[in-house]
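To start, the structure itself, in structure tokens.
Chain IDs A, B, C, D, E and F follow the sequence of writing; residue 1 opens each chain.
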């Protein structure tokens, strides 16, 4: 059975020793969604048309957030990211915005946390910019989609 | 109809002028959940018993994350928080952990973003510490529960 | 004759004691310019039309940079900014972009440094995003335009 | 014709994918100037003689600022700098201080932004420390002097 | 008997609620010492004479470090410091440098941690700059000297 | 005779050029102690038993602090740490807690500063959490125990 790796034998938190691991190409993709009122959703779409670009600001925030991951997550290793990209899908039926964050590096540990942090900061920024219109927005379905590279190899989330 | 406040008339992003607003006592409560495999959930519970305290580390990360909100969210004002508390509920049926973050300040703007950021960093830290056991964990139901203080006054999320 | 205030009598750097100063409303406006090749200038203008919004990203960076001033400038006091706004003027004749940053707070010291830092980070971000097209860009004419509030009162830069 | 590299085909800001690039030795040199009143310039020179060392503080700020580049510039990659040096030239005729920042690394992208950021934070710190004497100081002529390494190879700014 | 205040009744870490506390003038003074080889001590003294100013750099680092206290110490409240000063005493007999940090604010909590953090970062910077000459340096006698303001009032450390 | 390496020939502070150095495996171990009243010491021990885990919080702070070293120490190079571990020893006789921090990396410079910074932030956090019970605590005996890797090779502190 697998064990938590972020504790030593005494059960104390550690930043795991990855000194002996090889540097390999890594990629991770994470996504999440924020759902909102129809009114709020329509306003975000208008912004895409030119005025008040909520998603443009959120994208910048998400990229910068991904770079701050090792500062925010206590036991995370610092990695020099070689790519961060954030894409949006506007989902009409549910009046929600889906954010997908892709991160790459060449390093000794994976970039799952960076991709997830990129998603979270992106969603939080959307919330911040829209909260004057709708305080009831909800963030959900935030998970790792897939990752590759490293000893544990490929992970692909099962479709639900 | 309400308008996005984070843009000027030209549709350009701004940090809203709150110079003329009064300093009032503010509170916000936000929550969110991370669901996981039964195996992973059981391990977290064991940690609570003494070894490998995932939630203890996540709580510290969440408090520190709440303090970093204005650095992470581009148009957020800096506030001197006067209280940050993070509580957990272990939900057996769904094998999930719910995190609730309460933030207070006396200031010109509210602390909704700080409470939500506290929740997000808490959940991300749980993910990080448990991902060796379960990469399929999902974060969801992240929303503002209530807030008080300021011109817009009381907000309480409707029960679903 | 005025003296440098950031040193004590021994000539050692200090963060000046402002404990006894009153909190007053403060505003500062600073500006600066980046000049570039005609080709690069045209591309920035196209971005304004919809694709590749250099100035939108630079504006977000400048606002976030202004908030980081006390971290970057060693003897600067931390202030809770109540407004940050960055405006651009595209100057056809000189193929340059002028950035103007306005900052407000209520505090014991002024926001001149925050306005100037906002301008500098904005200009640096434009440079970064355009350097694949033109490495010869130059930043210049960066100065305080005016400031108000505090014991030293009003300052308005003389027209040249 | 060259294109902006910091956007994808949809015109959305991205942190450019440099995963496939080789790590090469990189160097960049940038410079800039701050001009001031004669009185202020004389005081800075006195500081060099022993009391109130403005340039000593500004040099430390500039080095620390260069290390923060990827935090400040949204789409900049994090690089582990292997050298940062800041030199000053006191220019009597124009009563101005010129700062020159040299940065080195071994990495997948260049250090132009780090050198320019080092210059900007240096100049801002001089402004901060001297503003009690002269609020009319101006920063100008800030540009990349030369850079080497990487696929785009050598760049040397043409003399004016 | 006094109790730890940084835990709630369940023994969970919290950022203590100071919402109801009054803002009062606060001051704290902390000190510490770094002892070194005679050779290293002599070199630091020479630096004071003009070349290689170790203490000048350490002073800047200490001031900047004091401003970062709430980022470094998990349960510390953010305070807008109104003064930070670092003084040195060169102690011939023991070949050691003593650093004294004074911090002031007007706020709801005290600045003891800021003064202590200022001392620690100052001493660490001295270590860093001198370690090529002496890796055996030791930091000691780091404590709060006195503090005033707030509900708990005056504290003065007893002479030993 | 050895020389300070953090200055150039003009005696100006620089971030030393390590471009030509090889990347080697590095390790450093540092330690330090905080002594306190018997009452305070007993409370910390109780925390270990389950409620109010001072050392658990301090350990997280120390690990995060070690990662921030290059931001805090002006002339320190950024390194991607591959391991950080903090261990405690409770020393009954002297009513003190000893913290030992071990850091590893593969890089061009050593991790002595990271290990020492980890110790200092750990001790400061203990002070913060216990200061309601004892403001007279003292931090001392903070030094490098040993380091390996790099051109200067092995260093082991002599027993006293």
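Everything below uses one rule, namely that a contact is a pair of C-beta atoms (placed from the backbone, for glycine too) under 8 Å apart; a residue touches a chain by one contact, two chains touch by 3 or more.
Note that this is a predicted model, so its numbers are computed, not measured.
With contact taken as defined at the outset, subunit A and subunit E are each touched by B, C, D, F. Shared contact partners of subunit A and subunit F are B, D. When the CA atoms of subunit E are superposed on subunit F, the rotation angle comes to 180 degrees (nearest 5).
When chain centres are set by their Cα atoms, the one at the greatest distance from subunit E is A.
Mean C-alpha position of subunit D lies 31 Å from that of subunit F.
Chain centres here are Cα averages; for subunit C and subunit D they lie 16 Å apart.
Annotation for subunit B: residues 13, 50, 53, 56-57, 60-61, 64, 68, 71, 74-75, 78, 80 touch two or more other chains.
Contacting chain pairs in the structure are A-B, A-C, A-D, A-F, B-C, B-E, B-F, C-D, C-E, D-E, D-F, E-F.
Against subunit D, in their complex, subunit F makes its touches with residues 8, 12-19, 21, 70-71, 74-75, 77-80, 107-108. The touching residues of subunit D, counted against subunit F in their complex, run 25, 56, 59-60, 63-64, 67-68, 78, 80-87, 104-106. Residue ranges on subunit A touching subunit C, taken from their complex, read 50, 53, 56-57, 60-61, 64.
Remark: subunit A residues 1-7, 10-11, 13, 32, 39, 43, 47, 50-54, 57, 60-61, 64-65, 68, 71-76, 112-113, 116-117, 120-121, 123-125, 127-133, 135-144, 147, 155, 157-158 touch subunit B in the complex.
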